[in-house]
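In what comes next, chain A is part of two complexes: it sits with chain B in the first one and with chain C in the second one.
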Partner chain A sequence: MGKLYESQKLALWYFTVAIVLFGAQLLFGLLAAYQYLNPDFLYGVLDFSINRMLHINAMVVWLIMGFIGGVYWFLPIETGREVVGIKLGKIAFFVLVAAVAVVVLVYLLVQTGKGDYFTLWFITEGREYIEAPRWADWGIVAVVLVFYFNVVATAFKSGKITGILGVLMIDLLALAGLYLAGMYFTPNISVDQFWWWWVVHLWVEATWEVLVGVLMAWSLMAVLGTPRKIVEAWLYLEVFLVFGTGILGLGHHYFWIGTPEYWLGIGGFFSALEPIPLVAMVVHAIYDAGSHKLKAANKPALFWIMAQAFGNFVGAGMWGFMHTLPQINLYSHGTQITPAHGHLAFFGAYVAANLTLMYIAIQGVRAPEGPALDSRAWKLAYVGFAITIFGMVGALTVAGFAQIFVERAVGGATWSAYIAGQEHPWVREPMYWRFGFGVLFLLSYVILVYDMLTIGKKAATVTEVKPA
Partner chain B sequence: MNIGWLEVTVAAFVLTVISGAFLARGRNWLEPGFWKGFAIGGSLVMFILLWILTFDTLKKISMGSERVPSPTVINHKIGYEYNADRRMYVPVIGEEEPFFGKKWSEKEAYELITKGKLVIQSRNCMDCHTLLGNGAYYAPDLTKAWLDPKWETMIKPMLKVETREEAIAKWLMNTDKYPTWTRKMPNLGLSEDEAKAVVAYLKFMSAIDTNGFPDHFGKTASN
Partner chain C sequence: MIQGAEILYLIGAGLVFITGAGLYALLYAYGKIKANVLLQRSSYIFAVLMLLGVFYIVQHPAFDTFWKGLLLVCGFTYLFIPKSMLWVMERVHAKEEEERKKEKHNPFYMNY
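Right, the complex of A and B next:
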């Protein structure tokens, strides 16, 4: 085992909890997907709404924990010193884990409350993705403040604020600040949705995208040895393009929530440009990997870097573009097209980024001086994920198109039209494919976990390649 | 303030180029510092424009504005009709009608709506349904649910009640006993007050001007 900073040990804790929650996410996703096939399953016990809530909340939490882990992993490398408030950081970790456990137990056992403020504070806020009750919101804010303090204090103590650190500090501040927009009750649902999208969109299409840009920049330097100057120039370009298109791109969620008509044009225009930075990232990754002829001391990390660039472009860029113009979104809004895009984008951009970080950490722990990290299992998991995510997304996309046609275009979007759409074979059957691919997705996850537990442990099975 | 999307878009572009070029001046485009200038300039311009638009939008979507009605809209008939000027469907607020047998004062209506929203959040409605098209896709969109023909054609006869609001409220309290198809809505344990508040919310929501979403609600392609 290599010598690790305390901060990197903390990163491993974060990664461990993250990967466990990933598994929980999939289990609840499968339950929800199964309820599409058999609605009586667990009816009144663990309803679709609860499974779905756990599915997407587990996702948000584990992805963020993975990102925090990634920052704690790279921070000491970037600054050449131990993280300043490491003790506090460890306490915050346990507070976070305990809070998540309590929230999950309440979701499972209490599920819903009466229509009053008590419910919002202690059971659920009932707002997709950020259902976590208000007390937990404040807990999260406290934990994030500790994390933020550690990043800033360490950066300043080290005496050299690199470009990457500068971007990270500003981005994290925005990311944390946005969360405040989600802690707010109003009887006006248009205002509610207005701020809700600040959190959801300005997270995944702005601040998370830049955060991942930072983490991928460090990953490229670690895995391929890409020079800092190149990485930083690309990072600034990405910040420019992501914020330049993604901030007003927020308007693609303001078409139909009661907000003024000018959002149709603004949202359509800027969000249509959002794929540009994603293309740039693909170019960057291919260029860097190509100039190394796909050789690196950390095979799985390199391949997940590539998956991230492509997945981000295809899931967010292509599947996002598909329904982002108001002329199309008027009919596709809130159909199965939306989760088709949501799944591919979240997987491609953020799951892939997290797995890259984890493999880098695994190498740092098990084989920092080589030999190269490689195994058969990671490839199996990799191919498995690639096939099954496209299987699920393909199914949802087909279902979505049929739903748009039957329910929206022909049926007039009523309750009966909805039912007609859902019962149409082109919507009903893809739900079976989605479930089937979902089971295989879970299998890929099991292989992934097996690989993470074993890869690099037996030096004999791996080939010698000089670390970059 | 009358804001046009094209003006905003052009302004965003021009300001971004100017501020970026100013901050990056004198640098070679292959240097990180060049792009740093554009990153800062572009982000600031967009962020400031977003705040300006946010203030304008919040004003235009406050309760009682043209786009989002006052809660007392529950005292009126509501329709959804094609508007040729705007080339989209818009809500039409009609003459007064009693709601649960009475006319609601401004204060009462506001409290009822607030309660309705709290109930909707407390039961995680949006983790099965969409509201204004956002949420989950396991159950129908509720944006215009108040106007749905099914209340008249199926639910009212099934529950043997007089008015639409009573039908919705009673159905919401007994969803497990009155399935409409294979996916039954769970019984979320709504009290009578809570059910009424939710119905009020659905009525209020159906009167929000959503720029024509959902398109041609309640009209099939053949009629």
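Right, the complex of A and C next:
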């Protein structure tokens, strides 16, 4: 095993919990997908709404835990020293894991409550994607503040505030601050949604993108040996493009929630430009892959880096743009086109990034001095994920197109048109395909976990035996 | 209002537009790096597809002058991104090439 900083050991804990929660996300997702086929399944025991909530919340939490793990992995390498306040960081980790466990148990056992402050504080806040009860919200804020302290204190103590660290510190501040917007609520649903989107959109399409940019910059340096000046130049450009287009791209969520009409123009304009950094990333990925001929000491990490660049473009860019103009979105919002876009964008942009980080850490643990990290299983999992995510997304896209046509364009968005849409074979049958591909996606996850448990172990044995 | 299947054609045109932009960028950049003229030329097919997609959306009466202008600007922006990005990448990399030669990169783990 390579020599690790305490911070990197903490990173491994984060990665471990993250990959377990990834499995939980898939299980609850499959249950929800099956309930599309058989709505009576677990009715009154574990309703669709609860499964869906767990599916999405597990995803948000595991992705964030992976990102935190990534920062803890690279931070001591970047600064050349142990992370300041590492004990505090470890306590924060256990607090976070305990809080997640309690919240999940409450979601499963209590599920819902009256529309009062007790429910808001101790059961669920009831706000889509960020349902965590208020006590957990403050817990999350405390953990993020500890994490932020660790990053900033380490950077200042080391005296090495690199460009990447500078971007990270500013981005984390925005990321933590925006979460507070999710705790504000009013009886006016338009105003309420206005602020709620600040968390959901500005996390996913601005601060998370930049955080992943930081982590990918370090990953490129570690996996391909890309010089610092290049990744920093690229990171600045990416920050400029992502924030420049993504912040006001927020407007595409304001089309139909009762906000003023000018949001149609603002949202449409910036959303149409949002794929620009994604197209630029494709060019960057092609350049890097071409100049290195796809050769690296860490094959799975390299391929997940490539998947991140292309997946981000396809999921967020292609599936996002096709329904982002308000004239089109009027017909497509709330159909299965939205989850099609969501599944592919999250997989491409964030799952791929997390898996890159995990494979980099695995190499650091098992084969820091070589040989190259490679196996058959990661390739199988990689291809399996690629095929099945497109299978699920393809099915949802077909269903979404049918909904747009039957329910909106022909039926005029009436209640009876909604029912006609739901009963249409082109909406019903893709749900079977989605479930089937979902099962195969879970199988790919099992292969991935097997690979992560075994890859590089022989190399580690050889490396340890050699000196004797 | 948009009637019947028109909305599906518009979504399809949007998909063609942005897919064309991506494939054009991909093939153009790869063709340039590999010095493969065929790949570069075939990338223009996707650039044309991209423009066809944007023109289909622009000609639709659901979009007024503001949106037509916006979409045209968008289409032409995507036309120049691959060239300009590659231009930036080549220059930044060329500048770093000398330093890179001096420093031997350890391909394993953290020694970068």
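Structure notes:
Rule of thumb we're sticking to: the second predicted complex is superposed on the first by the 459 of 468 C-alpha atoms of A that agree within 3 Å, B and C clash if a C-alpha of one lies under 4 Å from a C-alpha of the other, contacts with A are read in each partner's own complex, and residues count from 1 in each chain.
Just so it is clear, contacts are C-beta pairs under 8 Å (C-beta built on N, C-alpha and C of every residue); 3 or more make two chains touch, one makes a residue touch a chain.
Keep in mind that this is a model prediction, so the values were computed, not measured.
Chain B and chain C, once both complexes are superposed via chain A, fit side by side. Once the two complexes are laid over each other on the shared chain, residue contacts for A:G334 go to chain B alone; chain C is not touched.
By the touch criterion defined above, A:Q363 lies against chain C but remains apart from chain B after alignment on the C-alpha atoms of chain A. Applying the stated contact rule after C-alpha superposition, one finds that A:M322 touches chain C and leaves chain B untouched.
In the superposed model, A:I404 makes contact with chain C only, not with chain B.
In the superposition on chain A, contact of A:V100 is made with neither chain B nor chain C.
With chain A as vertex, the superposed Cα centres of chain B and chain C define an angle of 90 degrees, given in steps of 10. Shared-chain residue A:F269: touches chain B and chain C both.
In the superposition on chain A, A:G244 contacts chain B only, with no contact to chain C.
Counting the residues of chain A touched by each of chain B and chain C gives the higher count for B. In the overlay built on the shared chain, the residue A:A222 is in contact with chain C alone; chain B does not reach it. Of the two partner chains placed by superposition, A:L211 touches none, neither chain B nor chain C.
Here chain B and chain C sit at a least CA-CA distance of 5 Å once the structures share a frame through chain A. Overlaid on A, the two complexes show chain B and chain C touching the same residues of chain A, namely 229, 233, 237, 265, 269, 331, 408-410. Those residues of chain A that touch chain C in the shared complex are 2, 77, 221-222, 225, 227, 229-230, 233-234, 237, 265, 268-269, 272-273, 275-276, 279-280, 282-284, 286-287, 290-291, 296-297, 313-314, 317-318, 321-325, 327-328, 331-332, 337, 363-364, 367-370, 372, 401, 404-405, 408-410. Residues of chain C that touch chain A in their complex: 2-8, 10-12, 14-15, 17-19, 21-22, 25-26, 29-30, 33-34, 57, 60, 62-63, 66-67, 70-71, 74, 77-78, 81-82, 85-86, 88-89, 92-93, 95-96, 99-100, 105-110, 112. Interface residues of chain B, counted against chain A in their complex, comprise 3-6, 8-9, 12, 16, 20, 30-32, 34-36, 38-39, 42-43, 46-47, 49-50, 53-54, 56-58, 60-63, 67-68, 71, 86, 110, 113-128, 130-141, 143-145, 148-150, 176, 180-184, 186-189, 191, 194, 197, 205, 208-221.
Put simply, chain A touches chain B in their complex at residues 32, 35-36, 39-40, 43-44, 47-50, 52-53, 112-117, 119-120, 123-128, 131, 163, 167, 185-194, 196, 229, 232-233, 235-237, 239-240, 243-244, 247-248, 250, 253-266, 269-270, 330-331, 333-336, 338-339, 408-419, 422-423.
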